[in-house]
Amino acid sequence: MSFLTRGPIDVSDLLESLAAPEVGGVVLFSGRVRNLNGGRAVAAIDYSAYETMAEEELGRIVQEASSRYPGVRVLVRHRLGRLVVGEVSVAVAAAHPHRGPAFDAARYVIEELKKRVPIWKCEEYVDGTREWVDPTRIGVQ
Amino acid sequence: MSFLTRGPIDVSDLLESLAAPEVGGVVLFSGRVRNLNGGRAVAAIDYSAYETMAEEELGRIVQEASSRYPGVRVLVRHRLGRLVVGEVSVAVAAAHPHRGPAFDAARYVIEELKKRVPIWKCEEYVDGTREWVDPTRIGVQ
Amino acid sequence: MNVRVLLFASAADAAGRSEVNLDLPDGARVSDLLAELSRLVHGRALASRPMVAVNARYAAPDTVLAAGDEVAVIPPVAGG
Amino acid sequence: MNVRVLLFASAADAAGRSEVNLDLPDGARVSDLLAELSRLVHGRALASRPMVAVNARYAAPDTVLAAGDEVAVIPPVAGG
């Protein structure tokens, strides 16, 4: 299973992959590079990862979601490389017969991904400087 | 604004409509006709509405979401007519600089839609019978 | 006064029609309209406790009606 | 014993390289490895309180290392 990709993420393709007669609700979260972070004007983000571990950790998170929300099917893609503002960096899609577990599973996966998966972003600002993003620093989100 | 449609719902189109430089997270909920409800094998669902009121009520719900989650942008489409298993009956998409309000707004809109918007479904079962769905009846969800 | 009543879904099936024109006394309320409607459809269930909308907004049973109002009987909704 | 240490992101920048081979006494723990690594990079901040992974799983500071382990220094993650 490969959760990481250097090419664009095709969210329609993820949604189609989850189509099944028993599915009543699908929740898709897509994260995009936005033009402002911590008050600074962002031009692009360079995503890098400890790839072997990131793949394994994402596999564990998907497994956890399946145990917590029985019957859910989850797909995840995270992009690596340099992305400009507006590009999709991550997509999580969750399908279930009912909407509640689909919402909860998608939320669970993106929250855990942000906490645990060894992926980093180096932000390139419009003023030409660049910096590693550290979400544990106060005031940065 | 027209929230109701008799043609297929194009979720990619909704996602593209929400693209903007300040957007960091987009949550899309899509509801599909599933093959089982209350233990019965469903073949299709015929959706009908009090259309003028449904449009107005959906407009009010979107307004409420915008007040509760400032900065969120929300799109909603609900399909009417006869849909077979697997077809998308409803889509709610919410965009925000941060993922939390995007998740919460999408959830708010679909929950309120199900409670308040005058839309009905007549389920056609595989055995040839049909019945109006009443979510207030015990045991039916 | 004359009030137009729209019926939907199971309520339309129960009444055998999707629209009714009712002649009601001035000052009639939503609850009066429901009582009159029940007589008209000879006790066929309209839906247990239907909601009512007046001019495309949900209205409480004590809402006073006016001539020309568009009233709708709303059986339990099931969108999504 | 020889242990391969991978450095990422700000930790790689601080150390000026993305990989280090460390010679550690048998029975060394993750905390010993971090101390040795700090000496090696002459106090350049590796990231305050980096996490450490051993063979692609997060490991506590008291985890005992074995020869051939792949250790990674994980600065605060920021995926999404």
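Per-chain numbering from 1; labels A, B, C and D assigned in written order.
Just so it is clear, contacts are C-beta pairs under 8 Å (C-beta built on N, C-alpha and C of every residue); 3 or more make two chains touch, one makes a residue touch a chain.
It should be emphasised that the depicted structure is a prediction, and the values quoted were computed from it without experimental measurement.
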Shared chain contacts [subunit A and subunit D, defined touch]: none
Fewest hops from subunit B to subunit C - one hop per pair of touching chains: 1
Inter-centroid spacing, subunit D versus subunit B (mean Cα positions, whole Å): 49
Separation of subunit C from subunit D, taking each centre as the mean of its C-alpha atoms, in whole Å: 73
Centre-to-centre distance between subunit B and subunit A (centres being mean Cα positions), rounded to whole Å: 24
Subunit D: positions in contact with at least two other chains: 80
Multi-partner residues of subunit A (at least 2 other chains): 31, 99, 110
For the subunit A and subunit B complex, residues of the former touching the latter: 11-12, 15, 19-36, 85-86, 97-99, 102-103, 106-107, 110, 141
In the complex with subunit C, residue positions of subunit B that touch it: 31, 47-50, 52-54, 56-57, 78, 89-90, 110, 113-122, 132-137
Touching residues on subunit D, where the partner in the complex is subunit A: 6, 8-10, 13, 47, 53, 56-58, 72, 74-80
